[in-house]
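Note that the chains take the letters A, B and C in the order they are written out, and that residue 1 is the start of every chain.
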Amino acid sequence: MKDNYIVQAWLILALAVCFAAALSGIEIALADRIAENKRNETFGQIANLVRSPWWEPVPAQTWQADGKTEQWVTPEGHLAYKAFDKQGTDRGWVIKASGQGFADRIEILIGLDVPGETVLGLYVLDQKETPALGNRIKEETWRRKFVGRETSRDIVVSSASKMADNIANNSVQAITGATVSSKSVAAIVNAAVKDFRNRISDLKKKQ
Amino acid sequence: MDTITSLILIAVGAAVINNFVLHYFVGICPFIGVSRRVDMAFGMGCAVTFVISIAAFLSWTFTYFILRPGAPLTTLIVGRQVDLTILSYIIYIFVIASSVQFVEMYLRKFFPPLYKSFGVYLPLITTNCAILFACLEILKRVAVPTGAAAWGATGGAAIWGLGEAMALAIFGGVGFTLAIVIMAGIREELDHCDVPKSLRGAGITLLVAGILALAFMGFTGVDTGVKKLLVDREKPQSAEVKSTSPDKADNAGIRNPQSAIRLRQGYGGQVRNQVASP
Amino acid sequence: MAKDGPAPLERFINGILPENPVYRQLLGMCPTLAVTGNMKAAMTMSGAVLFVLFCANIITSLIRGLLKPHLRILVFTLTIATFVTIADRLLQAFLYDMSKELGPYVPLIIVNCIIICRCEVCASKQGVLTAASDAVGQSIGFTLALASIASVREILGTGTWFGLTLIPADVPAKVWSTWSVMILPPGAFIALGLLLGAANRIGEIRQGRRAAV
């Protein structure tokens, strides 16, 4: 009887060692690729987020992920990406923000101009809103409404569709049937840019 | 936002709004298999809650102290920061199997009739997706890469502590029990109905579950209300007006704190003044 | 050839329709409901299950001589967990967007009853070839089940199939507007329930015909 258990224990140990070796191999082989995928999520969007004006097409070779985007940090650890174009002029900042949406957390990237006073772009990284309703916050036509909004006052969500009204009120038009999702994104943007403006002077380039 | 508020929000979310069975589709096998009678369903729900709590406690401990990037014990032993999350699934499944074993021994010793009535379903709790799902949620919230502070963070812990993990686990189990008991009650009634032969058993259970899921969808957004209730209660005299409605052109500047206090709903006994701004 | 159970070919064919894991054995419901919102996610999930089931069956079959009753479930679980971790990492490396969409449901393959059941019923008792063909057969059956549910949900829910638009967006609302509920949880339950009823009915009719003959 005891023999059985010892054989079993040896089997499990042997299996565990083999599997641990296999997993370490996978980790070594794939960890870099996975990290790059995660980075590209953010870096892939930076060019789009600091385009100004938004109707300008992005020239094909304007950005490269390495070297043309610098990472700046505050003493507390807040990370902001500073985007430069090919000529070396700084075009603006990109920050990551997240908050509670209607259903679950929403994660967004916000593009700001160099002094941090205007929103230049918005990109939704992660959301689990209602399909066909709140889901539409990821559509480009809605995200584009944030371009040009000032950060000195709160961005509000309204039903007005005229651009002049929206510029005057610093508002974006809500998605029909998804008011709460729209308001959640506006709230996340407001909180994040307020925090950014307060800390913009503390930012130092990450070495 | 203090700890109690965030715990309540997590609890309400796990039990009702994002119900494990009806929103995340985990724990369906016992949901269909054990929901024929209310007493059996309640027993299964309690057993699952018990096992989830133990498993969540152990997996949080392992993840926080050993597995996550920058974990204290690993950094102490190895000397630098390593990321051991690749072993997390194996560790979790071992933790779950051990928890079920422990619960089995406990029941066999102290509640023999209950143990007998469970029969083969008790070891099957190991393959209950709900428990592994709770562990995975905890992994998602604990294994956050170190050193990333959030812009405009509005409260709630960045890395979940033991309290948040246990709140998720226990109330996730409560939500599972709720769903399975409701289903058992409905199925007891369905026994007297003329269900078409091809739908008997799993088919009609799934259809009823669909209607239940529709009903539970009505809870979405309750956490915003609960949050407003709890967070606004903490600062009733705040002069800040955080408004997102369209006609607030007086957003800029607070002229007079009295006029700025504007409560849109009366919270059962709180200040009911609605002072229009001059 | 294994003499102590069905032959490899029989295992393979059984897995597709007669012993279909979802419609006949009612196993693996969790991913069936969760990832069938669109065809791409469903096919990725079935690919992952094929990989894990295949590898787990082969390894279990190779060590079946050493397994004793007490700890065999532990050995199965350890094997499955390892291969699921490998599958998860491969998805994160090569299909990152799909991995984000599938979310926690890839690691939930570990407790997918299909895989443990096949290890227990077939791989721990029969040879490598039988185990392999059983794995492939069951995976094809699982894929068919997922495809049927995902097609229904995606076409009714968004008017697309595999991302290709089937129902043009400019169809007037009086004629057709998408049933968004099919993408949401209630739609998943209802679609699976009705399809299960349909599968049972088809089985009944065929049995009736066979009995009449």
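Following the convention adopted for this analysis, a residue touches a chain if its C-beta (ideal position, glycine included) is under 8 Å from a C-beta of that chain, and two chains touch if they have at least 3 such contacts.
A quick note: this is a predicted structure, and the numbers were derived from the prediction, not measured.
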item: Innermost chain, taking as reference the mean of every protein Cα atom displayed; value: B
item: Contact-richer chain pair (by C-beta pairs counted) among B-C and A-B; value: B-C
item: Where chain A and chain C are represented by their mean Cα positions, the distance between them in whole Å; value: 34
item: For chain B paired with chain C, centre-to-centre distance based on mean C-alpha positions, whole Å; value: 27
item: Between chain B and chain A, distance of the C-alpha-averaged centres to the nearest whole Å; value: 26
item: Two or more partner chains touched - positions in chain B; value: 86, 90
item: Multi-partner residues of chain A (at least 2 other chains); value: 19, 23, 26-27, 130
item: Residues of chain C whose C-beta touches two or more other chains; value: 74, 78, 82, 85, 89, 184
item: Touching residues (chain side chain B, partner chain C) in the complex; value: 22-29, 32, 86, 89-90, 93, 97, 126-129, 132-133, 136-137, 140, 196-199, 202-207, 209-211, 213-214, 217
item: In the complex, chain A residues that touch chain C; value: 4-5, 7-8, 11-12, 15-16, 19, 22-23, 26-27, 30, 33-34, 37-38, 41, 126, 130-133
item: Chain C to chain B touching residues, read off their complex; value: 26-27, 29-30, 33-34, 73-74, 77-78, 81-82, 84-85, 88-89, 104, 107-108, 110-111, 113, 116, 181, 184-190, 192-194, 196-198, 200-201, 204
item: Chain B partner contacts - residues on chain A that touch it in the complex; value: 19-20, 23-24, 26-27, 74, 76-79, 95-100, 102-104, 130, 153-154, 156-160, 169, 171, 180, 183, 186-188, 190-196
item: Residues of chain B touching chain A in the complex; value: 18, 86-87, 90, 147-154, 220-221, 223-224, 227, 242-246, 248-249, 251-252
